[in-house]
Amino acid sequence: MTTVIGKKEIPVIIVALLSLLMIVPFFINAPALNSMSTEVQRMLVPIAGFALILGGLNVTLRNITKISKRSKDWQFSIVLLATFVFFLVVSLIPSPFFENLYTMAYVTVLGKVNEAVMALIAVFMATMAYRGFKIKNFETLLFTLSCLVVMIANAPIGEAVWAGAPGARNWIMDYPNMAGMRALNIGIALGIMAYGVRTMMGHERIALGDIEIKVKKE
Amino acid sequence: MKLETLLKIDSRWIFLAFLLAVAIPIIRPIGLPLKISENTKQVYDAVESVPDGGIVVLTPDFSYDNTGELLPMLETFLNHLFTKNIKVVSVSYYGAASPLLMETAMKSVGLETYGKEYGVDFVNLGYIAGDETAVAAFGADVHALVKVDHYGTPISELTIMENLRSAEDIDLEISLSAGMNYPELYLRQWQTTFGTKVTGGSVGLIYAPLIPYISSGQLLGYLPSMRGAAEYELLSRKPASAIVGMDSQSLVHLVFIAAIILCNIGVLGSYLKPEGGEDET
Amino acid sequence: MTSYDVALSLLASGLVLMILSFLYRESGWFSFAEHIVVGGLSGYGAAIGIKNVYYQGLTPLAQGQFWYILAIIAGLLLFAGLFKTLAWWVRVPTAIMIGTGIGLNMRAAVETQVTAQLIDTVRSINTASLTTNINNLIIVIGVCCVIMFFFFSTESKGALKPVGIVGRYFLMISLGSSFAYAVMGRTSLMIARFQDLLSYPNYYTIFLAVALVLYDILKQRKTS
């Protein structure tokens, strides 16, 4: 006798059943199904919590391996692990010496450093604008002009120099930009729905881990 | 000087120009005037239209890597909300740091400044993992999902939570988002399902893709980054850090515009060379 | 400001300058600060995860909602990926999360992201104002052309080709304006950092950083 439900089918069945459980009560009046759907949604929250713990565990294991193998820059892994343990402990256990130690450590130190990492992008965007905004054809002309007009209008100095800048920006944002972005949004929504239906039917197996995407190592 | 040499400026000069453009106005402010856009007025009116004693859910869906953009916005919203008789419930679905951001904002705004009380006029429910699932579950039944606030107090002990049972009870959702999916998520799970009104503000990166939702009336206006926060501060007559930051924005934007113009003069120069063609730098 | 606050503030600005040192050149200082950020964020994230499991999973279970045991088991199965022989079991919680996510996304996406958007697109081009008519026409043409640009089921040739080209023009305008807003956003982050760095007592660290950079420049000149 052949097995009807194999290892490959189980995740697909789970996906299909749960998707339907979420969709059906939205369209038909079925109180029992509705409460079951809400309960499942609530049960997902602790699972997401486990995912966060797994993330932390992965970072720890990776860096322990790096230290034990004395890989390149392994000393930094010690710094990482020490910071990891410090934040894990102070976030869970209230400090007997300082009130809200974790809030202070996070808000005063870590948050600012984290933002500085993201702020670097702004500086690289400036060099990108210098190297990449070369007008070579009509498309790049449109791209550069729309960017320049919006930038001029967004800066108070631009408004002061060119009074018509906010009007021009609003027109660009509300008509050509809006048309382009709307089409993109509709396309993305339809794409996600098509992908969802394909996953429910078992045609899209990458998300469920059936097909592994192999990344070529350099 | 040959024009095409303009294509070969060392990146570090641009970095330096950028950093000076940021720093100089902070040391010596310029104080350029700011015009308030219709979009900001729409957001302001949405907050103003919340009925007396109404419930506003404020969702700071951003982390510390976006404080420069969204923290001034969060503070200006809180300042405006606390001048009115409105109950403010804060909850986040984005990242673990969001509840701390709310604490930072509350420290700067100060509940006592407005004569408000924690648990009666304001509550910080913290972060709930699960993204869309958590938003949907919160919308369906708040009390079944949330047991305690960010500080571990059972929500049954908080009077503010008595009248908030589901998304139907929310008079306005103010979403401060660092990701495109968040306002869309509230539109999908709360507005389409329960008819909740949604407004807020976002980081600059996702503002343009949100314009279609403002145009269709699904979002009641949306503030773009620091500019939006500065306009809102001006409109609510509570100038703060965003307005101060707009001077630096002006100079940095000039650096960008200059970089683009220099680059294209260089390109033009390379085309005008007798042998033609362009240097690939 | 207590001495404790001053110390924390100086520590933060020192680390921020280490990150910004990347603009001058990549060094061990940058990596040091970078690893602190990653470690701190992961530690805090894991702690929040533990709190979430405790309040949203174990508390209801302790209160008699026995079916929450399924959520706990599903959550624990996520860790199966750490063991080669049990790795398959990760697919179960993954399927649960994907299935619920797909269902929740799909149920309201049509109305929110498609229907409402299409309704707003179909605007009258026969109003009293000529400007409004032209603008409304731009929206209709723009939306249709960009959608056609992404329509890959048929080869873009014949009448479809110019439609796709016009779609590309609209996209260029959208992306240009998007870039402008991204500039404003990212610059805000640097402004916030500098507002902090240029305040007391943090500006002392800037003098130190500038001195270090000058020293490095002189050292490099000597060696070259």
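Of note:
Residue numbering begins at 1 within each chain, and the chains themselves are lettered A, B and C in the order written.
Everything below uses one rule, namely that contacts are C-beta pairs under 8 Å (C-beta built on N, C-alpha and C of every residue); 3 or more make two chains touch, one makes a residue touch a chain.
Computed from a predicted structure; not experimentally measured.
Ranked by how close its C-alpha mean sits to the mean of all protein C-alpha atoms, the top chain is C. Ranked by C-beta contact pairs, the top pair of chains is A-C. The geometric centre of chain A is 17 Å away from that of chain B, both derived from CA atoms. With each centre defined as the average position of its C-alpha atoms, the distance from chain A to chain C rounds to 5 Å. Each chain gets one centre point, the mean of its Cα atoms, and the points for chain B and chain C are 13 Å apart.
Across the assembly, chain B contributes 15, 18-19, 65-68, 96-97, 128-129, 131, 133, 136, 145, 193, 208-209, 212, 215, 227, 249, 252-253, 256 as residues in contact with two or more other chains. Multi-chain contact residues of chain A (touching two or more other chains): 22, 26, 41-42, 44-45, 47-49, 51-52, 106, 110, 112, 114-115, 117-119, 122-123, 125, 129, 144, 147-148, 151, 154, 173-174, 177-178, 181-182, 184-185. Among all residues of chain C, those that touch two or more other chains are 23, 41, 44-45, 47-49, 52, 56, 97, 100, 104-105, 107-109, 112-113, 117, 120, 174, 177-178, 181-184, 186-187, 189-190, 192-193. Listing the residues of chain B that touch chain C in their complex gives 12, 15, 18-19, 22-23, 26-27, 65-69, 71, 95-97, 127-129, 131-133, 136, 145, 147-148, 184, 187-189, 191-193, 203-205, 207-209, 212, 215-218, 224-227, 241, 244-245, 248-249, 252-253, 256.
Residues of chain C that touch chain A in their complex: 5, 8-9, 11-13, 15-16, 19-20, 22-23, 31-53, 56-58, 67-68, 70-72, 74-76, 78-79, 81-82, 88, 90-100, 102-110, 112-114, 117-118, 120-121, 135, 138-147, 149-150, 167-184, 186-187, 189-190, 192-193, 196. By the touch criterion stated above, chain B contacts chain A in their complex at residues 9, 11, 14-15, 17-19, 30, 32-35, 37-38, 63-68, 96-97, 100, 103-104, 128-131, 133-134, 136-137, 140-141, 144-145, 193, 208-209, 211-212, 215, 227, 246-247, 249-257, 259-260, 262-264, 267, 278, 281. Listing the residues of chain C that touch chain B in their complex gives 23-24, 41, 44-45, 47-49, 52, 55-56, 59-60, 97, 100-101, 104-105, 107-109, 111-113, 116-117, 119-120, 174, 177-178, 181-195, 198.
Within the complex, the chain A residues that touch chain B are 22, 26, 38, 41-42, 44-45, 47-49, 51-52, 103, 106-107, 110-112, 114-115, 117-119, 122-123, 125-127, 129-131, 133-136, 144, 147-148, 151-152, 154-160, 166, 170, 173-174, 177-178, 181-182, 184-185.
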